[in-house]
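For reference, the structure is listed below as structure tokens.
Labels for the chains are A, B, C, D, E and F, by order of writing; each one numbers its residues from 1.
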Amino acid sequence: MKIGLMVNEGPYTHQASDTAWQFARAALAAGHQISRVFFYHDGVNNGTRLTEPPQDDRNVVSRWSTLAEEHQIDLVVCVAAALRRGIKDENLAKGFRISGLGQLADAGIKADRLVVFGD
Amino acid sequence: MEEEQKSGGKIKKFMFLNRKAPYGTVYALESLEVVLITATFDQDVSVVFMDDGVYELAKGQNTKAVEIKNFSPAYRALDGYDVEKLYVERESLDARGLTEADLVVAVEVLSAAEMGRLMAEQDVVLSS
Amino acid sequence: MLHIVNKSPYEKNALESCLRVAEAGSAVLLTEDGVYAAVRGGSAAEKLLKAAESLKLYALAPDVQARGMAERMIDGVTLVDYTGFVELVTTHPVNLSWL
Amino acid sequence: MLHIVNKSPYEKNALESCLRVAEAGSAVLLTEDGVYAAVRGGSAAEKLLKAAESLKLYALAPDVQARGMAERMIDGVTLVDYTGFVELVTTHPVNLSWL
Amino acid sequence: MEEEQKSGGKIKKFMFLNRKAPYGTVYALESLEVVLITATFDQDVSVVFMDDGVYELAKGQNTKAVEIKNFSPAYRALDGYDVEKLYVERESLDARGLTEADLVVAVEVLSAAEMGRLMAEQDVVLSS
Amino acid sequence: MKIGLMVNEGPYTHQASDTAWQFARAALAAGHQISRVFFYHDGVNNGTRLTEPPQDDRNVVSRWSTLAEEHQIDLVVCVAAALRRGIKDENLAKGFRISGLGQLADAGIKADRLVVFGD
């Protein structure tokens, strides 16, 4: 099945991004396709390449980058939400791209399921 | 049909569920922006206001002193985007002492049970 | 003591917890989404009115106006502007934000 | 239909609203802080047990374990892992996250 | 006194109010970090757990499957920082079906009214 | 009076930063001193110089920078919280500095009042 995800909260602050990543990994392992992950609201903060969590903690941002590379997942950061919060190409992490809200509607139309992770 | 060309298939039922008050957080504003964009994709769009989401539609909002943009007039513009299915849950209005007359747009008021049925008919429900 | 509540009583438990522990004579300032607690006809307003007997209630007028509730506030709640907010903080030895 | 609730019922109104509108026969998956609703002896668990008569209840086991509640869950709630979460999403035509 | 030298004046009463569950949000963890730092300033520190904050102290936390660091053992380290005043509200425990025996550290259980008195005695109350 | 502020939420997402700024401005106008504003949790996101809100919206970040410049206010972003969220010197806005949590304890000790703004 083709599954799209929407992530509405930033890394660490809320568990939403963790749960979404765990969900994506399990879906891929079960043979499903993650067609797109759309980052909205504070979710755009998952796309910063500048995070540096403590050594004994998980790296939420690089986990997304790695998963996207291994499975060709389209990680889209909403441009309007990103501008409000200071996420731009200059601090964008590997594997993410900045695009419009239409990419969320498109994911909803083309995927078999859309799951929202937020606060 | 143009709809089919743009969406590449059948028209889907999209519901946008608004449960947050305006201004205290940005969810209400940014969710409205999603509705306006999705409306251009020629899908079957419903917008639901329940819990504190009903406050988004309250008349008389004046944000001069908080210096945040008042976006409540934009709900009146939804009609121009062919977004005509606006639903409000009756229980949410009642608990807050509000009535339809207190809202900036005409809505259809549904009971909780009717709202549950409407949700189950959707293809995609977006919340924030 | 000054208690500051910025949460809607319909969404979160902050006001309920505040009213449970606040000592008689304390001041409670409603800000941001917290002002909805004082809207006439709401189920939260009834609870607040009971509390009003032993507490001094305030609401931040800019937040009340932003939300379109200026004409709908219950009696017994004093509206203050940001200057009044500052005065409440400086005239009470300690304040607590119920986040 | 699948309802997903990730909020503590003691802090927020998400579960209450979900249970108010969910149709009989729906599935409700508790995730993150939502799992506290199914902890034995809690006031939220009583409400959930009433709802359990007409709904299918699930809780995300990793979240239950993280919070130290693995031995404290009420009967009538099926524990699932992330794979089970995916299955719930794929086997229900539509899902709703109560944020 | 050393305290007076470091703080440049009288010792203040600091209360740290924890009302959020762990893991769902980062507030509990980051608030603990504030307590540990403030403890080194030789002030009079109280740490309060009420509402969902009592869950921070629940025994048996196992975060292996969520892959987030389990920080509950750190509460047991507070004693080593001379943070010995830990308070839990009885009403919060009762509503959640928890007792003192379910917590990872020894605490003093206070009623809501006693908690209110304790709060009013503070100089600074930090919450998050 | 010397008043310290703690801001726990990021710009736009939550009104906390707006209310704190309005409070600071009113306190200064009333003759009080804002000894320090400490940004913690997602509040560190107030310190990014990369935000670009819509033209018809307020600029939360630059408002803080301006107020700090006009009144010599110490705007401190917590280093630990900032590293988790990708705020560093390279994307830090004017008037902010990055420092440790001790600055919050110090503000609580030295100020006559400390007020917390959060979610």
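The rule is simple: a residue touches a chain if its C-beta (ideal position, glycine included) is under 8 Å from a C-beta of that chain, and two chains touch if they have at least 3 such contacts.
Quantities reported herein were computed from a predicted structural model and do not represent experimental measurements.
**Q** Average the CA atoms of each chain to get its centre, and name the chain whose centre is farthest from that of chain C.
**A** A
**Q** Which integer distance in Å separates the CA centroid of chain B from that of chain E?
**A** So the centroids are 40 Å from each other.
**Q** Between chain C and chain F, what is the gap in Å from one C-alpha centre to the other?
**A** Centres of chain C and chain F (C-alpha means) sit 24 Å apart.
**Q** Using CA atom averages as chain centres, what separation in Å is found between chain A and chain C?
**A** 38
**Q** Which positions in chain E touch two or more other chains at once?
**A** 19, 23-26, 51, 66, 68, 123-125, 127-128
**Q** At which residue positions does chain C touch at least two other chains?
**A** Where chain C meets two or more other chains at a single residue, that happens at 6, 10-11, 13, 32-33, 62-63, 81, 95, 97, 99.
**Q** Quick check on chain F: which residues sit in contact with 2+ other chains?
**A** Residues 8, 12-13, 15, 22, 41, 80, 84, 116, 118-119 of chain F each touch two or more of the other chains.
**Q** Quick check of your reading of the touch definition: is the inter-chain graph here a line, ring, star, complete or other?
**A** Drawn as a graph, the chains match no named shape, so other.
**Q** Pairwise, which chains touch?
**A** Result of the pairwise touch check is A-B, A-D, A-E, A-F, B-C, B-D, B-F, C-D, C-E, C-F, D-E, E-F.
**Q** Where on chain D is chain C touching in the complex?
**A** Checking each residue of chain D against chain C gives 10-13.
**Q** Taking the complex as given, what residues does chain F use to touch chain E?
**A** Within the complex, chain F touches chain E at residues 6, 8, 40-41, 80-81, 84, 100-102, 104-106, 108-110, 114, 116, 118.
**Q** Which of the residues in chain A come into contact with chain D in the complex?
**A** Touch list, chain A to chain D: 1, 3, 8, 15-16, 19, 22-23, 25-27, 29-30, 32, 112-113, 115-119.
**Q** Report the residues of chain F in contact with chain B in the complex, numbered from low to high.
**A** Interface residues on chain F, with respect to chain B: 12-15, 18, 22, 56-58, 119.
**Q** What residues of chain D sit close enough to touch chain E in their complex?
**A** Interface residues on the chain D side: 6, 8, 10-11, 32-33, 36, 39-43, 45, 61-63, 65-72, 81.
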